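Two complexes follow with chain A in common, the first pairing it with chain B and the second with chain C.
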Partner chain A sequence: MSIERENQIHPIVTESTLSNLYSLTSSLFGVTAGILGLESYNGFLLYLVLSVITTIFVYVVKVLPESLSEGRSIGDTERFFKGALQFWSGGLASGMPGFVLTWTLFYGLVRV
Partner chain B sequence: MAWIPRFITFTGLVLLAHAGYSAQEHAALASTTAQHSNQAGTSTSLPIDISIETIVATMAVCIGLVLNTPNLRPIQWNVWAGKIEREGAEGFRDSSGAVEKDYRGNPFSTLESRPGFVDIRKQRREFAEWAKSEST
Partner chain C sequence: MADIPVQTLHRDPQLFYWILIPITIVMVQTGVLRHYASVLLQTAPKKQDAPAMREQRSLGRGVALRSNYHSLSKKSFESRRDYLISAYENGDFLKEPEKKGQPPANPMSDPGAMDGMMGMMKNNMAMMIPNTLIMSWINAFFSGYVTMKLPFPLTIKFKSMLQAGVQTKDMDPRWMSSISWYFLCIFGLQFVYVFLLGNDNAASQLNQQMQAQQMPNPMMGGPGQDPDKQFKAEAENLAVVDHYSVLDDVEGRLLASLKKA
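Up next, the complex of A and B:
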């Protein structure tokens, strides 16, 4: 079945409340990386690790209680997201520019 | 209970500002020391307490922001609309207990009350009969 027909039969709610969170947290992680003075791959590694930790927070606080009350198993995010990949990696690409921006800014501010 | 996430976020931001200031002071001190001491290769890596403070502050702000995000919506439209129909505004309260700002109620309300499909002649006739019966 094509995606268009699938969306007509089973419409989805497109409003996502998480993009705001990811833009805020990625800038924050940039501040962290700048203060720590990380360079090259270490900074991106920090971004990756902290983003995954944030997503785990989101999962525990927001997704898990309602999913369990609906009778879903642990680790199932299908109630709120199209798939596990979209949930676990959704904020990574969109937050990257903000991360690099604040990272370079605070690196320059701290180390004159 | 709405103040708890904000308090956590604020504490984390204060800690982060303090860590940033400490790191800047340390960098300035390290560069001055390197100028005045002739031996090259002095250690300029960040002290461990500043690193720990930065990480802890980041985690605190992160937890505060996550706790402060509005509730997620079920992605399938029928699940979402069913929740609205069953629970109404009660199911859309945020952490402080107030109804969410963008709660719009029934998503099918535009379909259920279409002004273009109102039988205006019938309503006008009923009104005329009612007005006539009132006047007699």
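Up next, the complex of A and C:
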């Protein structure tokens, strides 16, 4: 079955609410990294870890109860999302510029 | 690799108040302004007479049928297709059937056509003018200052971009001038706009460019094109559609899902 046809049968849920969440939280992560004074890899690592923690919160609070009541196993995100990878890594790229901006700003503000 | 001693610069704390904060405030406000400008500049669609409307809408109907055929059954799709193709080829929907085959009028002389172009011009202007203004404003007032240090290292190639106007040869490329703060703001202020204006705002220029790419043919049925030729092309497009329905084999899928559960 072609991808086009697959999408017509199972329409994709838009990720707009999640991408909103990521763009707001990533700026807060930037503040965190800046105040802690992290540099280079440490900062990006903090961003990665905190983003994954945010996604875990979303999963536990929103996705898991619905999935369980539908008889799906733990860790299965197919109730709302196309694939596991899309759910876990979808917001990373969109939040990155905001993270770098606030990280730079607070890094500069804290260490004049 | 030998350890390069970390460069330290003593910067005046006043730089924050007089350079960073003004640039950031101006960038946020231009985004908000751009959002409201694009809301206000949207012209309401002009009222057209019935034949012109019919010409546009019937072309749109063909396009809609071609892109949504999967939700129709084969029989109903084919009856719609046969009707539309024969009507397109006879020119039943044309605004001026007697003008068939003549070259279209010059779009500049048609006042209705000018309106559509003005709309596009306005949108482009709302994007272009603030950018050029702010760039030249920053270049005129704030060039030559080192304002900040990036928290991550960069290669030497970034030096010419980040330290434009700062002529210090051996400075680490991590030090950035005010113009690079401007670039960071362009890319990174999306979260502020989401916070202030909601999700589908028109503030970020990146978003607008993406939307412009998603609309490959904004001028459909627009001015300066021969409607008869557009109808003929649409008839051809409809004729080659290979129909299938989403309901094909649906009972098999239902049974499979029941068996799994």
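Definition applied: the second predicted complex is superposed on the first by the 109 of 112 C-alpha atoms of A that agree within 3 Å, B and C clash if a C-alpha of one lies under 4 Å from a C-alpha of the other, contacts with A are read in each partner's own complex, and residues count from 1 in each chain.
One rule holds in what follows: a residue touches a chain if its C-beta (ideal position, glycine included) is under 8 Å from a C-beta of that chain, and two chains touch if they have at least 3 such contacts.
Everything numeric here is computed off the predicted structure, so don't read it as measured data.
A.B. asks: Label the relationship between chain B and chain C on chain A in the superposed model as either fit or clash.
C.D. replies: When both complexes are placed onto chain A, chain B and chain C end up side by side without any clash.
A.B. asks: Regarding the shared-chain residue A:107, is it in contact with chain B (first), chain C (second), both, or neither?
C.D. replies: Once the two structures are laid over each other on A, A:107 reaches chain C alone.
A.B. asks: According to the stated criteria, A:29 is in contact with first (chain B), second (chain C), both, or neither; which is it?
C.D. replies: first
A.B. asks: What is the angle, as a multiple of 10 degrees, that the CA centres of chain B and chain C span when seen from the CA centre of chain A?
C.D. replies: 80
A.B. asks: In the superposed arrangement, does A:98 touch chain B (first), chain C (second), both or neither?
C.D. replies: second
A.B. asks: Of the two partner chains, chain B (first) and chain C (second), which one does A:20 touch, if any: first, second, both, or neither?
C.D. replies: A:20 sits against chain B and chain C alike.
A.B. asks: According to the stated criteria, A:40 is in contact with first (chain B), second (chain C), both, or neither; which is it?
C.D. replies: Second partner only, chain C.
A.B. asks: Could you tell me how near the closest CA atoms of chain B and chain C get once both structures are overlaid on the shared chain, in Å?
C.D. replies: Scanning every C-alpha pair, the shortest chain B to chain C distance is 10 Å.
A.B. asks: Do chain B and chain C land on any of the same chain A residues, and which?
C.D. replies: Of chain A, residues 20, 24, 109, 111-112 contact chain B in one complex and chain C in the other.
A.B. asks: Would you tell me which residues of chain B are touching chain A in their complex?
C.D. replies: 16, 19-20, 23-24, 27-28, 31, 46, 50-51, 54-55, 57-59, 61-63, 65-67, 69-80, 102
A.B. asks: Would you pull the chain A residues touching chain C in the complex into a rising list?
C.D. replies: Going by the criterion above, the answer is residues 5, 8-9, 16, 20, 23-24, 26-27, 33-34, 38-41, 43-44, 71, 94-95, 97-105, 107-109, 111-112.
A.B. asks: Along chain A, where are the residues that touch chain B in the complex?
C.D. replies: Checking each residue of chain A against chain B gives 10-13, 15, 17-18, 20-21, 24-25, 28-29, 31-32, 35-37, 50, 53-54, 57-58, 61-63, 66, 78-82, 106, 109-112.
A.B. asks: What residues on chain C touch chain A, complex-wise?
C.D. replies: So the residues of chain C touching chain A come out as 11, 13, 16, 20, 70-71, 147-153, 184-185, 187-192, 194-195, 199, 244, 246, 253, 261.
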